[in-house]
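Chain IDs A, B and C follow the sequence of writing; residue 1 opens each chain.
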Amino acid sequence: MLKLYDYELSGNCYKVRLMMAFLKLSYDRELIEFYPSKKHKSLEFLEINPLGQLPVLMDNDFIIRDAQAILIYLAQKYDSQNNWYPSEKPSLVAEISEWLFFANDLTATSSAARLHDGFFYTNIHVEKCRKKAHDQFRIFDEHLYFNEQQGFPWICKSQYPTIADIACFPYIILSEEGGISRINYPAVRRWCDRFKRIPNFIVMSGIFPAGPQKVPDNEAKQSKILNGN
Amino acid sequence: MKLALSKWFPVASISDLPYRHIFQGQLLGREYAIWKADDGNINIWENRCLHRGVRLSIGTNEGFELKCQYHGWRYANRTAGCTYIPAHPADAPARTICNNTYTCQEKYGMVWTCETPIGDVPDIKGFKSFTVLRPIPINSAYKNVRNFLSSKEIPDHHMLRSKQTEFWRFKTNAGNLLSLVIQPQSGNISILRGIYNLKTTGTEKLRVLKYYNSLMTKLRDEIESQHLPKLHERNPKISKLADDLSQFPTLSDQKHNLRVSVSEKVKLSDNIVKLKLKSIKKQLPTFHAGAHIDIVLQNGLIRQYSLTNGPGETDHYCIAVKIEKHGGGGSKIISENISVGDIMAISAPHNSFPLLRNSTHIIFLAGGIGITPMLSMAKAMHSMRQSFELHHFTKSNDKEAFSHDFASFTNKVITYNDLSINQSLTTIKSLLKKPKFSNKIYVCGPGEMIQNAIKIGLEFGWNESDIHYEYFKNENEIHKNSTFKIDLARSAMSLEVPSGKSVLQILKENGVNLVSSCEQGACGTCKVRVIEGKIDHQDVFLNSLEKEGQNIMLTCVSRAKSKRLILDI
Amino acid sequence: MHAEICEDTVILNQWHPISSTDDLKNHKQITTMLLEEKITCKKNSNGKYFVWKSIDIKKKLLPIKIAYGYLWTSLGTPPTDLFSFPEFYEIDRRNVATGVFGVNISAGRTIENFLDMGHFPFVHTGVLGEEPHTEVKEYDVSICETNDEILATKCQFYQPQAAVISSKGAEVDYIYRIPHINCAILYKSSPVDKKRQDAIIIFVQPVSQEIVRAHTGMCIIDDKSADKDIRLFQQTIFGQDKPILENQFPKKLPLDSRAETPIRADKSSIAYRRWLSQKGLTYGVIPSEDNNLFEVM
């Protein structure tokens, strides 16, 4: 049985929830109150993760910490299609790893700014975080724009989204809560819309679903006709 | 930057507007929600919901409507008129609830706008074909970027002098052209946009895009490294709303003041003709599902027809007319004397048959041509992905007439051909057997069918308030032989209604301009609130609960049982 | 951007919440911002609180009040009494401070969002509302002369999951109270005891005209749910409102009736805007240019 040590408002936990939703996995949630009571720093939780960080995933007795690591584990183990983490394609795996690090770097910028503004993490130099986040977003936007031009809708050179997309999505879409506007990153915004339309996408508090795809025309083109006599 | 208001500026690339996306743009400090509807029309609206000021760009593009994220208000393609306020499902939003829209032109692969346009987007010499480059936002004021560009040598490019100061043109060593234009986004941000004068594809395109991307990025970095002082940001003013919007008005429209031309006339079946009406000059007003318009026919006859349009189809109105071989003149004139290209006078849409979208399921029962308002309703329900079923009782020679309208939801439609009265009754009984929470019945068709449906519905335990209907006409005999007084509470007037005249007539004679349409107690357009007095109802519009309530009347037919009525006008 | 000095006496003379007493348990000293002023709050070994402006070297003490689980202070001359909230002291209730959240918006917009039922299906989808059950039925709004507070009564709304322990949909009754320009209390039928009501509070601390700290809490009869679950539920709800609030423009609350389009469902917000206007509030709002536009209800 899968069990996730989880907190609703955490973008890192959301990454794991997204992965499980996309893979249609069912799991138990153990809610750890990150804010205001900082339960992830409590002695009980430090037993589970000495780093005092969320999320943590337990697959029976196996414990995995760190959102990115969990994504790799889940995709490797449970994605029968092998699209989320195509381990047999070295160049894609390399590309994915590159962007997993990028996603991790967002924790120090976009996520930190959000913690400062919303949850009073006062020891954060917020202006610096925002500035750095903008530098990252510029690079990300350029990357996505040229991927689009080459017919790749996702972060990596694949027709399918990968765990790199999942890892980057939360702190990109939550950036405005840290005062980082995305108005100048149109390719990022288009990618966000596409991401939200991946089948089985779920939201978290602070994120709204995308508009509908085209209303599906009915397969049954024949309407029912009943005749009188 | 006063002058800038009459200049055209690009605000987006066409490629920024993919399917069902809302682009957040900004020009001169004003934010825009820019979106392409499913029919290809590009809308540029102020990025602010009229209701509580939320950015529309965080809402959703529903194909033909934009939906606000906060309270789900829907705004129509083109008109930006509000079509639905979910908090009050029974009310048609006032027509004046309309977002601020801005002119839009597509040129050189970009979307351009201008607050007070004089003329069109100017031509840029030498750009018959082009490739749109990746726009580069720069954290610097418009004028800094300008100064920089005019003083800067771009490697391998020679600047061409021209009178069009807002477009820089450069000749490359190879003899091709580059044009740059600056979009003043806000006080301290500008966007550098460029086009290259060859249409490129494939790897060549990628090469050009990459080349200019790095060239323009270098310019950006140079400009930003100048560290020029920041300007004080000024927010553009938000215009106040019309007075009436702040206090729920009763609208008084000018009657029949729209001019349309017949752009299509199609025979849907032997007896049914469809007209497509296009506006001659102005944008047609927003309509709501179930609305009807008055059409003035050549001999002065006025007839009401329901619009069959789907949501957001705002570039034309569609109506379907049943040709009554022996009936009154209206349908005959339409079938015989009206042809494509003719100009007609119509009224703005009236909405007195509102679609209650807060229903979990709707059963539509349509008899014959009574299907028309339901086409529009079913399309609206379908586009909101809400549950419904549509039952159409018809004659076999009309059975194909509306198949085109049903196309996207055929599985929700059942057509019954040539049923006898008894067969129809049994069918309706089987359909209405089980009233459910938050379900509703809508009926439109011949009077007898409506009465039967209501009777059956009530017998099976439906609430009267969950049965909605619209008569084509009032078949009851209407008497005009009473005399009474009316007091107008808000205009402080007291008038006498003599026998032989209607309340509506008297109001009009005295300069109170009440909107009316069918004038026979069927469409509900002329209804007013009654504060005091006993009403003699003669219409077929109000249901019996509303009639018992004694606080609403249709002024075209209903009269007073008491000596005096106080009306809330 | 440098701080403007707040000169609006209407807001200066109010009591403002600056921290829940829960939060203060774990700290000897905290600093926070109130009306662009940095404030220090210290607790001595006897558990007594002292509050002063951080820049004030003389540490002149500011007035304080402990009430409803919060520490309150004022930068002006506050009234002797704070508004009443008797439910807080009912012995069988649990008072849970559900957290304080920073939001980049004015206090007025925050309170207005709290009063608003129409957004439930769209913002709290599946929890406090659900399409197509979107109707806001007619309700009553009055201004209570004796306490000078706004009351919205007979409010009803369909909710698929009305509280932590309820699992199916129902029409829920609400009463809203606005006893203070930046505080509101919502009463809704308790899923445990139909005859009584749970209270949900929002006390807003204006950091600046366009930034607030929103203190949220519950005062409920439910004895099944753990404090943690109640807090997490409330955090989820507030997390959903946050992006809406931060995308409202202008950020200050416009008091002119012609600035935005009210509908009948917004009766309480219309009353609230008028009430603020009549008090002459200018901080965190866009005052109406023409006060004649605000007729008395």
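Definition applied: a contact is a pair of C-beta atoms (placed from the backbone, for glycine too) under 8 Å apart; a residue touches a chain by one contact, two chains touch by 3 or more.
All values reported here derive from a predicted model rather than from experimental measurement.
Taken pairwise by the contact criterion, the protein chains are fully connected, each one touching every other. Chain B has the C-alpha centroid lying closest to the overall centroid of all protein C-alpha atoms shown.
Work out the mean CA point of chain A and of chain B, and you get 37 Å between them. Averaged C-alpha coordinates put the centre of chain A at 32 Å from the centre of chain C. For chain B, residues touching at least two other chains, in rising order: 31, 58, 69.
Contacts with at least two other chains are made by residues 208 of chain A. Multi-chain contact residues, meaning those touching two or more other chains, occur in chain C at positions 243, 247. Contacts from chain C toward chain A in the complex involve residues 23, 99-104, 213, 228-229, 231-232, 235-240, 242-243, 246-247. Within the complex formed with chain A, the chain B residues making contact are 12, 16, 18-26, 31, 38, 58-63, 67, 69, 134, 137, 185, 189, 191, 205-206, 209-210, 213, 217, 382-383, 385, 396, 399, 403, 406-411, 413-420, 423, 427. On the side of chain A, the complex with chain B involves touching residues 142, 145-146, 149-150, 182-184, 186, 189-190, 193, 208-215, 217-218, 220-229.
Interface residues of chain A facing chain C in the complex, by the touch rule stated above, are 8-9, 31, 33, 35-37, 117-120, 176-177, 179, 204-208.
Every residue of chain B that touches chain C in the complex is listed here, in rising order: 31, 47-48, 50-55, 58, 69-72, 85-89, 97, 235, 238, 240-243, 245-248, 357-360, 386, 438.
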